[in-house]
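Consider the two complexes below, in which chain A is the common component and chain B and chain C are the respective partners.
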Partner chain A sequence: MTDHLNRIGVAQLGFIRRTGRWAKDAAHAVSLVRTWGPLLALQMRRLGVDSIPIALFLAVFTGIVLALLASYIFTGAVPLYFVGALVAKTVMMELGPVLTGMALAGRVGANIAAELGTMKVTEQVDALETLAVDVHAYLVVPRVFAATLMFPVVTAMAVAVGVVSGWITATSLLDLSTPEFFKGVRQFYHFKDVWFGLLKSASFGAAISLMGALTGLRTQGGAEGVGRSTTRAVVLGCEAILVLDAFWALVLL
Partner chain B sequence: MKRRNEFFVGLSVIVAFLVVIGGAIWLSEAELGKRDVVHVARFREIGGLNVGAPVTLRGVKVGRVNAIRLAQNDWVEADLKVKLDVDLPATPVAIAASASLFGEWHVTVLDITDAPVDAVLRTALAEASKPGSGAWPGATLPDFGQLTQQANRIATDLGTMTGRVSSALDSSAIQDVRRSLRDLREAADRLADFAKKQTDPFNRVTTNLAATSDEVGSASKRVNTLLGRVDDATKDGQVNDIMNSTKATTADLRAASADARELLAVIRSHQQTLARILETTDTLLTKVQSGKGSLGLLARDSTLYLETTKTVQQMRQLLTDIQANPRKYFRFSVF
Partner chain C sequence: MIRFNSVRKTFGAKQVLDGFTLDIPDGQTTVLLGYSGTGKSVALKHIVGLLEPDEGSVEVDGRIVHEMSRGELTAMRASIGYVFQFSALFDSLSVADNISLGLREQRLPEDQIVRRVAASLERVGLADQGTRFPAELSGGMRKRVGIARAIALEPRYILYDEPTTGLDPVTSAVIDELMVRNKRELGVTGVVVTHDMRSAFAVADRIAMLYQGRVHLVGTVDEIRRTEDPLVRQFIEGRP
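Now for the complex of A and B:
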């Protein structure tokens, strides 16, 4: 019994020590702006700009489905201009950030985990350490910052495209005029809806990139290990998105 | 390559920024460059009014609810951000009310003279008026939920009342009422028939009365004529002749009266004779009825009748036998 308690205590102490070391390394890495600064734009383009098409593709169909679904739900009981309210509110606050985050968890998280995992198993990371390069500053920080900064950008575009696709669907496929649609959008619009979604997406970007980077740097066992790390990064990224989504809803709504 | 990355990243960020800021401004209907003025409205309670709810004047949106806060003495103050160039009523009041069935509320700005004629609302506005404060008096109309609740309560009361009426007017009471109505209808029918039947006799009576009246009128005319003639007769001595004729007639009547008196005396003597005959007959019949005398015995005693009948029958048999066998009773011999 005493040994068991000792082991638990040692494990807790080890976790706290590792967390402290990780925080110290992270702070040190963030402070090395000259190391990660030049890489930021590249990562922003790779993780953010290059992800815009898939995010917009998702947003288009999300808006279409939401408009049709809303009209189906509201028919006969609720004025049809509520279609606009439902599409805008849902896309801004929930489906825009979450679906974009899910899509980017697959693309960005897998990308980071596979890239860093391959560098790890091919000992490129060890080579960087040998060259006295801060691995976290060089590999992790630019990716996390890039994802954190670019996820809101991608999400904002996705939200705009989602609302526009919902509007086009409502006016072309449903018996709804443009003024009626935007009457519904404006009726329940609050600026909080926008920044709430963008804040969530920033947190999703940070979590996905962090999961991908940490999982990649812990890769072991060659190509198979890279595959496991990639899968693990995507799964953890999606779980992180759902947990953060519930957290922000609990805290901010 | 690095510049190209920076360009694309910068472009994406700028586009996203414009989308977010532009969209926010457009959706919030904020008009940049136009100044607003904030008016404070005082309510006792604001119902479902929220920040951002539209402020309307004669149905046109002229602003938004900018802030809502609790104030002293159980009041609620709402800041109404209204466009500066809007001509507001001289004595504005703010009426908060639900805009639809779906929980949307808005504030309508009215002149106090145009406020709905509702005692509760007027009282609330009068209570919210605070001279010198600069705040608009405000009142809240009941939302659809409250109205629905009220209607539901009324419906329940009506249902209860209907149930009570139904239990009071049970089947026997209804039957009594029906019976009374039927009796009343029958009585009315009888009255109608009676009136119909009596109409003709009444008409006839009326006609007869009219005819009688005419007859009386003509009779009075004839009397007048007769009186005129009498008057004329007295003038020519015709009355004396009439009186003489009357005397002669009276003498004849006296003679006839004496003859009649003698006739009556004869009749009276015949009457007495007839009375005696009747008395004798009555005595005889009484004796017969009481069985006295031969005739009485014959009438009352059946033995005599039977014996007589029997004798007659024997006589007939005897005659019959004699006719059949004459030699049995009569014998003729020469020698």
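Now for the complex of A and C:
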């Protein structure tokens, strides 16, 4: 019995010590601004700006489907201007951040895991260490910061495009006028809807890039290992999005 | 001085180093010989703290590597150049940026970085290749860039992991000469892992033969040439 408790105690101590060391390493890496600072703009472009097309593509179709779906649900039951409310609210609060996050988990998470995984198995990560370059500051920090900063930007654009595509669908395919659509949008709008969505997307960006970087750096065993890491990063990223999505809903709504 | 004290290292169930003890004196080139997979690369990685021994220790200048603080480790790594077996060049960076990365990290002034990059490319005979990318280079050129990246740090030690493997005899001889000149002109202490006997005899002051996780025999070049030890003779002569 005491032996068993002892073992649990030892395991916990190990966990606390590991977490402590990890936190210290992370804090040290973040403090090395000279190492990651110059790389931030490049990563913001690669992970953020280059992701805009796919995010907007998704947003267009989300807006169309939502408008059609809303009109199908509301016709005969609720005034049709509610279509505007439903489209705007769900795009801002849920579908904009989550669908963008999912798409970018595939793009950004996989990209980071594949790149760092390849660097790991070709000993480029070891080479960085022997050159006394802090691997976390050089490889992980700029990617995580770039994704955390750029996901809300990309999501904001996706939200705008989603609402506009819902509006175009509503006015051209449904019997809804522009003033009616925006009456619905305005009536139920709260500023919180916007920051709630953007805050979520920032947390998705942080989680996806961190998963990608850490699985990438833990890659073992050649090209096959890189493939495994990439898949793993995408799966973990999507799971993290769903968990965080529920977490923010519980905490903030 | 680099010193291995009874280093033991296992990966899972595989025992790689088992009581590996070796002194590497300053100012000389020590060659590590051994069959493929005996742990030569693993031994080199212990010197710079990329791997930690399960038992025993590795000392660099009297300090135990796995007990160093972050600052000590950084300083120690800055005094050691590492030439990787497969070059390990950063493929997203140009040749010049590959070489300057470590110098930038040491916060050298920019004009000095430029000078050192040019000088080390010159030394390996690639003076005009600074703007090219690793993917555009041949295997031999990559190895030489790897060496340039190491000497740019002006290190006291350079660890060469199979610098001539897979190269034609002439390119191999060029790299051998480079290693000898690094020792003679820059005063670098060298550790060379190889199974190329011609290269070993060309660059070595001392030769150590690794077998089953430990040093089987160590001696000067002449001693190794004349040894009657059957294992070493078989390896030197390349008999099956």
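Everything below uses one rule, namely that the second predicted complex is superposed on the first by the 243 of 253 C-alpha atoms of A that agree within 3 Å, B and C clash if a C-alpha of one lies under 4 Å from a C-alpha of the other, contacts with A are read in each partner's own complex, and residues count from 1 in each chain.
As a convention for this text, a contact is a pair of C-beta atoms (placed from the backbone, for glycine too) under 8 Å apart; a residue touches a chain by one contact, two chains touch by 3 or more.
It should be emphasised that the depicted structure is a prediction, and the values quoted were computed from it without experimental measurement.
Superposition note: with chain A as the common reference, chain B and chain C can be accommodated side by side. Contact with chain C, but none with chain B, is seen for A:127 once the two complexes are overlaid on the shared chain. Touch criterion met: A:28 reaches chain C, while chain B stays clear of it.
Applying the stated contact rule after C-alpha superposition, one finds that A:185 touches chain B and leaves chain C untouched.
In the superposed model, B is the one of chain B and chain C that contacts more residues of chain A. In the superposition on chain A, A:78 contacts chain B only, with no contact to chain C.
Geometry note, superposition on chain A: angle between chain B and chain C about the Cα centre of chain A is 170 degrees, to the nearest 10. Of the two partner chains, chain B is the only one touched by A:157; chain C is not. Of all Cα pairs linking chain B with chain C in the superposition, the shortest spans 13 Å. Residue ranges on chain A touching chain C, taken from their complex, read 28, 34-35, 119, 122-124, 126-133. Considering their complex, residues 2, 5-6, 8-9, 12-13, 15-17, 19-20, 23-24, 27-29, 52, 100, 102, 104 of chain B touch chain A. Here chain A touches chain B in the complex through residues 38, 41-42, 44-45, 48-49, 52, 78-79, 82, 88, 149-150, 152-154, 156-157, 159-160, 185-187, 189-191, 194, 198, going by the rule given at the top. Residues 45, 48-50, 70, 74-75, 77-78, 80-82, 84-86, 88-91, 101-102, 105-107, 149, 153 of chain C are the ones that touch chain A when the two sit in their complex.
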